[in-house]
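Multiple structures follow.
Consider the two complexes below, in which subunit A is the common component and subunit B and subunit C are the respective partners.
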Partner chain A sequence: MSAAFDPRRMRAMLAKEFTQIARDPSTLLIAFVLPILLIFLFGYGVNLDTARTSIALSRQDDGEAARSLAGAFQQSRWFDVREVGTIGSLKTALIAGKVRGIVVIPDGFSRAAAAGGGDIQVITDGSMPNSAGFVSGYADGVRATWAAGRAAERGERPRGGPAIDVDNRYWFNPALASRYFLVPGAIAIVMTMIGSLLTALVIAREWERGTMEAIMATPIGMGEFMISKVIPYFVLGIGSMTVCTVLAIGVFGVPLRGSPLALLAIASAFLVPALGLGLLISAATKNQFVASQIALLTAFLPGLLLSGFLFEIGSMPGWVQAITYLVPARYLIPPLETVFVAGDNWRLFLPNIGALLGFGAVFFTLAIRVNRRRIA
Partner chain B sequence: MTGNRILAMIVKELWAVLRDPRGRIMLIVPPLLQLILFSAAATLEVKNVTIGVWNRDGGPASVEFINQLAGSRNISRIISITSEDALRSGIDDQKLIAVVIFDERFSRDVAARRPATILAILDGRRSNTAQIVAGYLGTVAANTGASIRPTLVQGGRSIVTNWFNPNLDYLWFIMPSLVVTICSLSALSITVQSVARERELGTFDQLMVSPLRLHEILIGKMTPPFLIGLFNATVYLIVIPLFYGVPFTGSLLLFYLAAAASLLAIIGVGMAVSSIARTQQQAFLGMFLVTVPMTLLSGFAAPVDNMPSWLRLIAELNPQKHFLVVSEGLFLKGMPASAVFAELWPLLPIAAVTLAASTFLFRLRME
Partner chain C sequence: MSDAVATAHGIVKRFAKDGAPALDDVAIIITPGRMTGLVGPDGAGKTTLIRILAGLIVPDQGETAILGRSATTADRSMIGYMPQRFGLYEDLTVIQNLKLYADLRGLPADERQAGFDKLLDFTDLKRFQDRLAGKLSGGMKQKLGVACALVRTPKLLLLDEPSVGVDPVSRRELWAMVKELAGEQVAVLWSTSYLDEAEQCDTVLLLNEGKCLYSGPPAALTDTVKDRIVRVFVPEDGRRVALRKALDMKSVEDGVVQGASVRLMLRDDAGQPSASQLGMPDGAEVRSARPRFEDAFIDLLGGGPPGSSALARDYREIPANDRPAIEAKGLTKRFGDFTAAEDISFSVGRGQVFGLLGPNGAGKSTTFKMLCGLLTPSGGSGSVAGFDLRKAKADARQSLGYMAQKFSLYGDLSVQQNLNFFAGAYGLVGPDARAAIERVTEVFHLDKYRNDNAGGIPLGYKQRLALACAVMHQPPVLFLDEPTSGVDPIVRREFWTHINGLVERSVTVLVTTHFMEEAEYCDRVTLIYRARQIATGTPDELKAKAGKDDATMEDAFIALIKASQDDTARKAA
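For the complex of A and B:
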């Protein structure tokens, strides 16, 4: 292996790599089929927006007020009242997961309501904390609205009630569609997969089969070698990012408020450390199974869990927050979300792009070192 | 003796998995690492929030509100904002998740018992987080209102009881679902390699010329992932109640029954992928193609109830979905046998189909 750089050799190597990709159905599968699948799954399957929730109703009071409140629950657009009965019988439905909560209108409710009170009991399925919070919050909302309506009918002013109102304005996403952050997050995962996972696998296979030694025996230089390995996967990564973006905009209505150029810059910056990590893993393991597992653990899982995509970094314990600074995806998620939903903001983009390129430099240096040692 | 032959095949397959020291480590370390990572990272709470306050009022009511805000345990910093530009850049640069704005009339409105409104600007890029923060602000507003203007007559209330998980601890949800994911993932990653590896190494033909019959080969190849899946489930079953304090309230026997049934279905899928794949790499990618949707559609990432109805139908065919419902039920809800069986029976036809398909594809490979 020499250090010289020859454009003709470079072109030949690139042609070889591209042909290899084009002939390997599994590469194209992961570069285009899997990203599309992921976008659809995150767009349709992972829906964090609160839908109509199934509940059960136990009315233990026969008074007019109790029946009226039960009617309010039945007509609520937040709830789908699936079952009616005693608490004992409804518990079975709650355990089986058929309903996510039980609203109990207790005996004596109508009398209490006439006196201006009237408590209800809300039992939630705590095994799904998200839905449980939703059920208790919205059940109280249904009750309060009902109580205010009754008071208004009687010409009274509502008792208590909020003295101070908060008017919430959600910038960038007034409809609060969760796909606005889930779909860009899926794009981040796709790029992690292509950059680290696919690259690690393909190059580990070359080591396993011994074709790597064959390349090493040619006069190719380390720089040429690295570039010829990296460029095809870089192109692949940008290609599938583009496919995903078109789907995100066209199918899921996620806006691209920033410029395509900014998106390209952010995606390119992220692919640098992602590819560097892939090269490093393949050179260090030289084994497809181990490489795939390590890529899953060091790129895929942190990208999903520690990037701030699904879980808030600020809410994690201190030592986990410290680890997140070492996860390249952490610097991708904020600019990616911003370029899609908010618009161009280079004050936010540049420091993150800088961090990504810094990680890229570290990974590439390490990969070159490991490769050198392997050959010597 | 067919029994001996199957046993020999199982031993051989177990060796193939456990012989490589790196492979051995890879069977144990990733599941444990995932456990630690998930338990630490997965939280639904939003803590250590920084909020901007633009106080154009300065009266007693706004001061009381800010004091209440500072006292809220999830809000760690309050930053004073005095201009439109500071507001815009604070939100745009993600320094602030929300900015609370009091107009000049706020304290006067409160004093005069007129409806008083606070404007809150929230970062909709992170709509989930923003909604949770909006919830905090609502609570602070209610507390401020109550402390300034205590009401004498108590209106009606909703008394909330959370069954199975009284503090709505998210970890209690995550851990039982993680058992399902890890159990399936570890079994699947071994299954998909089993045929593909032999084909790549060229030992598949040797297997074909051995006196082993088709069902013996298949049983031999499916047993190790089955055992390893159960092994990982067992490790989790011990670690989760012991170290994370998540209760296991149901029957262990039912849990293993559910694990076994869903493992059969999943291994069938894995075997089919392995038979189709020409190389280990294709097998691995094929596994990825199968695992990601299975995990995302299991109810782990988002409730199955929230999915569109056509996707819910597909989720019903997902073995992990059924196992997850049972796992949550047996950990937290003390799920009785009748409910477990009602959830599990679809696993039998699913397993029958996937196992039959994998046998068919394997046979196809042999010819």
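For the complex of A and C:
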């Protein structure tokens, strides 16, 4: 084993690694095509906003108020009223999934409305809880707005209406556009793929092809070997993060309210544990198939599900919340979202960066311990 | 020896706590300027020993001293190591591979250009220096692998099976190259499972199942069986019967078919028996022959197996049929612009052994797969047991037993489960299946491994199990793809005893091999080189073309390759 660090060996290994990256279409695919794909997917395809949900309307009252409310539903920007008819005929549409809910304006509604009341019935498909929630919530909203409008026309406050009005204002993301927080998520996914999955795969590939054995029999130090793997994939990770950011800003108009420097610092800090985990996985498995499975289970899925990117951590059960503290991506999402939609807030960034570097230290220490110059 | 570059003593290594040791009390001394051969069948422990010397595996017991230090702390810049599969980066070019290893080994900058030039000249890779290593032929990869190990002249050169699978021409070139480049200063350890290569080494360490059987000059071991080797010339169609009878005699320790003759090793006390004492027909000529390293190895292992095959005893007699059992007419396979097999034609009669001989990548397996109906030919036609490949694939397949390269067993199923599966796959059910399984289990002594996973049993037993799976349904035609690659010579003998026995039952056998010696068992052989048939004939006819007495199949192959290259060159000119 060679104790001294040798810059020449290091350079040779780095040159080799970059040449291989440039010649490997799958690496370039993950580093540059995947981010573009993800950004477009999240920008256009995956949209967690509720825009125009299909519903059906059953009006059982002929009075003026009932017709007016039905008109309000037809006009609503939240709903697309697909069918009108009796409940019996609309039921099949709901079962077939053509509509997400049925709004029923019952017989006697106009009379009740004139008396200041008037309930409507909302039938939703409980097998799709998200849509069901949206439909019932927004249907209530439409009815309330309609009632308030009628009252205003008559110049009076609606009886039984709220004495205190809540006026919601969403800071930083006033339109609540989900792509604002999907973009940081996409960056997290791409960096996880490159840092953990790709790194794990390339080292496992060296084991499988027998080149690892030949390399280990040369004077190269294991430190040199690991650095030669870390640097190229770090560069690649930052590169594809940049691709994501530029696309998000340029094509989808996502704001970058913080400084690029802060973004770079946060992304760099995240790549440390991601790369460390990749090295650890490959050193422990030495097999591309197993390495990719483990990388998916330990890096990709937790990054997607437990980082607060798709599901809010605050609304998870307590024990799941406890687990999220062990997921490095959890410390990436909040500062990343902040740097995009709010601005620089180093009091938030620094503890998260610290946590990420801490994870990185643990993973690297383990990787160095496992990745000995031994075959068996 | 005081000038030894590398020594190891009392090496013991176990990979599984309660399993047999991979190495059991092995010692080796490697001195400069000499070729030290590390010889043994697959699984003997060769790679483990080399990795221990390279400091990549720490032995459980024993001492190593490499250039004055233990293997794990030795000066690695002075060790050249080529692992199996050569350790090349296939997505780097020839010159990039060389440069990488030069930098990693710390070759001084001013020696670089001269060193590269010399290596590229020697390996004849100068023309290809900007080609990706992955695009080189097998022989060229091996040369590049050795060049990378030699890029900074080491004191110790460790080569793990450098010559496996390449054509004999490349093998000889590689050997000459290593001898020349290593010269007087370098200590070379050359591991191989080819016993004929061992004879050329200055000193050998013979390993079998982790134990050292012999250590010293190969000639000294070969001498232990001198005067005990005879060749008996019998009428050609009688050689298989003659071998069976001879091997069943007490005075005969081992024997093989060698072309038209039978080559026998006699027991120490057998004296010089006459043809009739060996069970040979009257008038058979007995001549003494030169001993080989392999004879001595078999002698150390206590002799070869008896001549009668229990498998053949219970096998059905294949009924006569006037059509050839296997026929290939102009079989051609192209993958894109690459031709893997071109215009392959031959015909094999019932009860014959036909060999496809050639190096890895020559097109043997491609031809084979076309005849099995696993690949659709780009051109030409073929038939097996009278069934046309294009029209009656399923019938053709049902009438053959196929033993694939690397033994296509399910490694995570037990031996019994593999047998059950293959019995079912070949259409055996109920009592027939049970009887067939019991029969092969007994014949191949698989009982003790019945419930073990096939992936974990010794190589010799895997080979037996693979043959068992292929013959359970008693097919009239057997396809054997590299059937004895890497197994020890005893297992190979036993295998051919079964095959010879089946041929006596009129089974037709098509076999591919890159072992030239194995070709001697065939009635006829075709040599395939770079997708083309370069010669077809009986082993003796081909050997006669080598133009020298006592030529081996390898000599014949080399001569025929040269002739075909000259021919191509003439046509091009």
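Going forward, the second predicted complex is superposed on the first by the 361 of 376 C-alpha atoms of A that agree within 3 Å, B and C clash if a C-alpha of one lies under 4 Å from a C-alpha of the other, contacts with A are read in each partner's own complex, and residues count from 1 in each chain.
The rule is simple: a contact is a pair of C-beta atoms (placed from the backbone, for glycine too) under 8 Å apart; a residue touches a chain by one contact, two chains touch by 3 or more.
Everything numeric here is computed off the predicted structure, so don't read it as measured data.
In the superposition on chain A, A:242 makes contact with neither subunit B nor subunit C.
In the superposition on chain A, A:23 contacts subunit C only, with no contact to subunit B. Looking at the shared chain after the overlay, A:217 reaches subunit C, while subunit B stays out of its contact range.
With both structures placed on the common chain, the touch criterion links A:121 to subunit B but leaves subunit C unconnected.
One of subunit B and subunit C touches more residues of subunit A, and that partner is B.
Looking at the shared chain after the overlay, A:289 reaches subunit B, while subunit C stays out of its contact range. Of the two partner chains, subunit C is the only one touched by A:12; subunit B is not.
Once both structures are placed on chain A, no subunit A residue is touched by subunit B and, in the other complex, by subunit C.
Looking at the complex, you find that subunit C touches subunit A at residues 15, 51, 54-58, 72-73, 75-77, 79, 81-92, 96, 99-101, 103-106, 148, 158.
Interface residues of subunit A, counted against subunit C in their complex, comprise 1-2, 6, 8-9, 11-13, 15-16, 19-20, 23-24, 209-211, 213-220, 373-376.
Residues 25-26, 29-30, 33-34, 37-38, 41-42, 44-51, 53-54, 92, 94-97, 100, 112-113, 116-133, 136-137, 139-140, 143-144, 147, 158-174, 176-178, 180-181, 193, 197, 201-202, 205, 285, 287-290, 292-293, 296-297, 301-302, 305-306, 310-312, 314-317, 319-320, 334, 337-338, 341-342, 345, 347-348 of subunit A are the ones that touch subunit B when the two sit in their complex. Interface residues of subunit B, counted against subunit A in their complex, comprise 22-23, 26, 29-30, 33-34, 37-38, 40-49, 61, 65, 89, 91-94, 110, 113, 115-131, 134-135, 137-138, 141-142, 144-146, 148-149, 151, 153-166, 168-170, 172-173, 176, 189, 193, 279-282, 284-286, 288-289, 292-293, 296-297, 301-303, 305-308, 311, 315, 325, 328-329, 331-336, 339, 342-343.
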